[in-house]
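Which chain is which? They are A, B and C, in the order written, and residues in each are numbered from 1.
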Amino acid sequence: MTALVDRPATAANVILLDDDRWDRVLAATHGEAAACYQCGTCTATCPWGLVAGPSIGVRSVIREAQLGIDGWAEAVWRCTTCGACEARCPHQVPIGEVMLGLRGLAWRERTAPGELSSVLWDMHWDGNPWGRPPSTRSAWAAGLDIPRFDPGIHTTLLYIGCTASYDRRAQKVARAVVGLMRAGGVPFGTLGDDEPCCGDPARSLGNDAYFERIAAANAAQFKVAGVTDIVTVSPHCYDTFSSHYGAAGDQFQVRHYSQLARDLIAEGKLTFSGLEATSATFHDPCYLARHHDETEAPRAMLAAIPGLELAEMERSRSETLCCGGGGGRMWMETPADERFATARAREAAATGAAYLVTTCPHCISCLEDGVSVAGARDLKVIDLAELAMLAGCVSAPTTSPEASHD
Amino acid sequence: MTGELHMLVCLKVVPKSEEVGVDRATNTLDRGNARSEINPPDMNALEAALALKDRYGGRVSLLSMGPPFVVPMLRVGLAMGADAAYLLSDRAFGGADTLATSLTLASAIRKIGDIDLVLCGEESSDGATAQVPPGIAAWLGIPQVTYAMDIELERGHILVTREIRGGEEVLDAPLPAVVSVKVSCNQPRFMDVEGMAGLDRDGTVTTWTAADLDVDVNHIGLAGSPTSVAGLREALQTVGRRREVVTGTPEQEAHILYERISEFVRSSSPRTQETST
Amino acid sequence: MIDPAYSPQAASGIWVFLEQDGNVLAPVSLELLGKARELSRQSGAELTGLLAGHNLDELAGRAASLDLDRVVYVSHPLLERFTAEAYAHATAEVILQQRPDIFLLGATPYGRDLAGRLAVMLRTGLTADCTDLALDPESGLLLGEVSGFGGGILATIKCEQHRPQMATVRPGVFAEVQSQRDTAAPVEKVEADVPASACPVAVVSRRQHAGVDVSRAERLVIAGAGVRGDMGTVEALARALDAEIGATRVAVDEGWAGREQQIGQTGVIARPKLAVVCGASGATQFTVGIEQAGLVIALNQDPEASIFEQADLCVVDDLFPVVRALVAEFESHNGGAK
């Protein structure tokens, strides 16, 4: 497909500014790039600098966004929205949002990579970005006998999300979260096959217009269902519901399950019998640690497990290294030598820990791949909820021996 | 071709394959709660039309046959950038085989008029006959090109790269013509940002009944279909495989596979002289 | 109902379209002849092969030694290259004259292209892409088995009043005709009347792919979703086994393999002696494509994957280390199976 972009005629060292385009770029990025004074810390912080292949010239992209000129092209699609640059930016430029805004402009101008359309079509036809049948959305829960959410009985909606619903590996995480919530005595239900996609893939691929439609439809569905308290399996769904549903999001409270577990532990409703002396290192998901400043809830859970020693990696908490799966990168191919997760797996292996613990389905997927590529065979990637079940916080959920890791 | 290029895309709304079964009591298709989608190759046909419109200008009309619930699907096509949509909806159209279906669609195409290029998906995911596009062409008495991978426009002709057995060929056809498009030959664009607003708008799809078409009601629908279904069943799973589980370390597993493959190759008949190297 | 071109009473004989390209018969035509002979034995009908083209006397002669009762050869210069319009025009003419009861074509691109147009010209029914054919024991009607909904549903279709009963048949579902006649069958050459106006489409160029036809491969390594785009590993195994590479629909949709490599109900039905299936879940629409394979080996990490119900040897493990070790083993045995 040909681009409809009017490219400014350029001669050597001459850049022609196009007012009309400038206006469009400004609108798409809400003028957020303006505060940048081009120090370049962002480019230096970007994890793309750690791997083979071209890095993202973050500073240049922001400059181009300020001036309304082209040049960013595919660079904006590589951003994982990990937020590492924003954390260091002296002028608090919301760089990730600028990147998403530029993606949004690409959708409007029909220059977005064609294959990403298929992700949005899968969401449209199937209600999930994996193109799986909506009629099998709750198949992960087979044998668990989870009730349909009923506001008269349940305080909390457990929102599973698309990846934990359909991905075989992440399904085990969903089952473990169910075990955790049952142990804590939380009255909860799910929406079964009617659970909608939260809209994160549309938002993180930059199609804000489509995301707004999804968010409006979901908010209406939750309202009808009487949902006021949501617990999510994935930090991405947590972020989407809590930060991007606008006023509609005010009708419900949202927590990531690690936050719920922390509260249950503090209230004495959740304890662990413990593990035989072992060690773990914790990988902070970007969408908890950096986007929501939540680094302690998962650690409170780890600290409550007798016999478990935590060996921190150098890059931890708000300094965490992105797994590579955010910003819609789960739906784009990354060559093996350009995956952050490989570097991350090596860092985790260097701690000597037996477990690489994290608490995000995308991180699990990327890190397992990273461990495999890095050849770190002794390192077991595990979700926090799965580890909690292993540590015997309760008996495992009814019929599922594989709800804990195998 | 006179004036601007007018393309018409035939869209079929089909139940999602994996959600359809056979009702064992009545031995009929159970579409029960099956969700619907636009037949995937038809989306490729629409993308091909919109790409031609991007390059050469003109307009794109959509045509479908089905119940009223098809209307929102046609709005999806409009949101992608099509200019008009027509739905043929009448009980009299129901139960049609490919002969009656292609006649009905051809009659509507005649009524819309001044169509330069009719685009269809190569086949539908429910019936998988691939016979409707050639059928439309035959009823209209115009050329057909099937299994198109790429379409170029040149002075009132189309140059179409099409798939053939073991290769491809380029055909030159005068307009008007019917072209069927290979599935996955392009990436259907997502709905336009502005177009999505139209998803909720009424009155964007023109609905016609059999009475609106110049066609003999005995030649359409079930009545006009020479073929009929004699029986229906769900595909059976194969039985009789050994299902022997190989276990061990990867190296041990590989070794067992090696032994078994070598044994199998030795015992099965030797390959002929020409094919062995 | 539209009036039939001719009535069932006026119709007789089973005809098979002998698709040819460059003086060579398409394999599916030989498969059809084998099946059609079986049907003709049941009904006692005469079996005719219909050949269309130009300068094909020599091929018509060779066709006459196949297991059929006669060959009708329709000849015209405008039939030198296949175009649906000219072929439909010429074959409609001879069909209306000779009135076959059944007319079978291969469901190849050319076969489907011709059949769809021809059926409308003859105002008859067409059963498309059949995976089996039979005669109804009572009525003698042709019953075509077709699959729909991605292969999940099988339907049997008949055509009661209109003739010829037309069907296209998927390549690979029947075995090729093996027997030959001792003496050549009669060849009837028909000089067709094809006006230039019946031939509006021109073939500008043609190109054959270098690739191999996976429906005919003796050994196949098949890539499923689980290979996650790592075709290098699959290719290494294929080299070690001297095998061709096939793929599931997911792998093809992902762009890891070409559409012509797709195995399954919506792709190619393969009958290899050996199939090594890497990382496929075992969706029914795929497994029907390897039903006829000799030895099926499946590798998948997921012990619950339904592919294991369709395999002789099941490896529940990460496929990559196993495949790499297997390749190494073949290499250390100097090419092993070759």
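Basically, a contact is a pair of C-beta atoms (placed from the backbone, for glycine too) under 8 Å apart; a residue touches a chain by one contact, two chains touch by 3 or more.
Keep in mind it's a predicted model, so treat the numbers as computed, not measured.
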_Which chain has its C-alpha centroid farthest away from the centroid of subunit A?_
C
*Higher-contact pair (C-beta pairs counted), B-C versus A-B*: B-C
*Round to the nearest whole Å and give the separation of the Cα centres of subunit A and subunit C.*
46
*For subunit B and subunit C, what's the span in angstrom between their mean Cα positions?*
19
*Counting in whole Å, what is the centre-to-centre distance of subunit A and subunit B, each centre being its mean C-alpha position?*
36
*Pull out every residue in subunit C that's touching 2 or more other chains.*
318
*asked:* I need the residues of subunit B touching at least two other chains; which ones are they?
replied: 18
*Note which residues of subunit C are touching subunit A in the complex, please.*
229, 302, 318, 320
*asked:* Using the touch definition from the top, list the residues of subunit A that touch subunit B in their complex.
replied: 1-2, 4, 104, 107-108, 110, 112, 114-115, 117-118, 120-121, 124-126, 133-135, 207, 209-210, 213
*Can you name the residues of subunit B that touch subunit A in the complex?*
16, 18-19, 33, 35, 37, 43, 51, 54-55, 76, 186-191, 193, 196, 199
*Interface residues, subunit C side, partner subunit B - complex*: 1-2, 4, 21, 26, 83-85, 88, 108-110, 112-113, 115-121, 123-129, 136, 143, 146-162, 200-209, 211, 213, 218, 241-242, 252-253, 259-260, 265-266, 273-274, 284-285, 287-288, 291, 294-297, 308-318, 321-326, 328-330, 333, 336-338
*Where on subunit A is subunit C touching in the complex?*
168, 333, 372
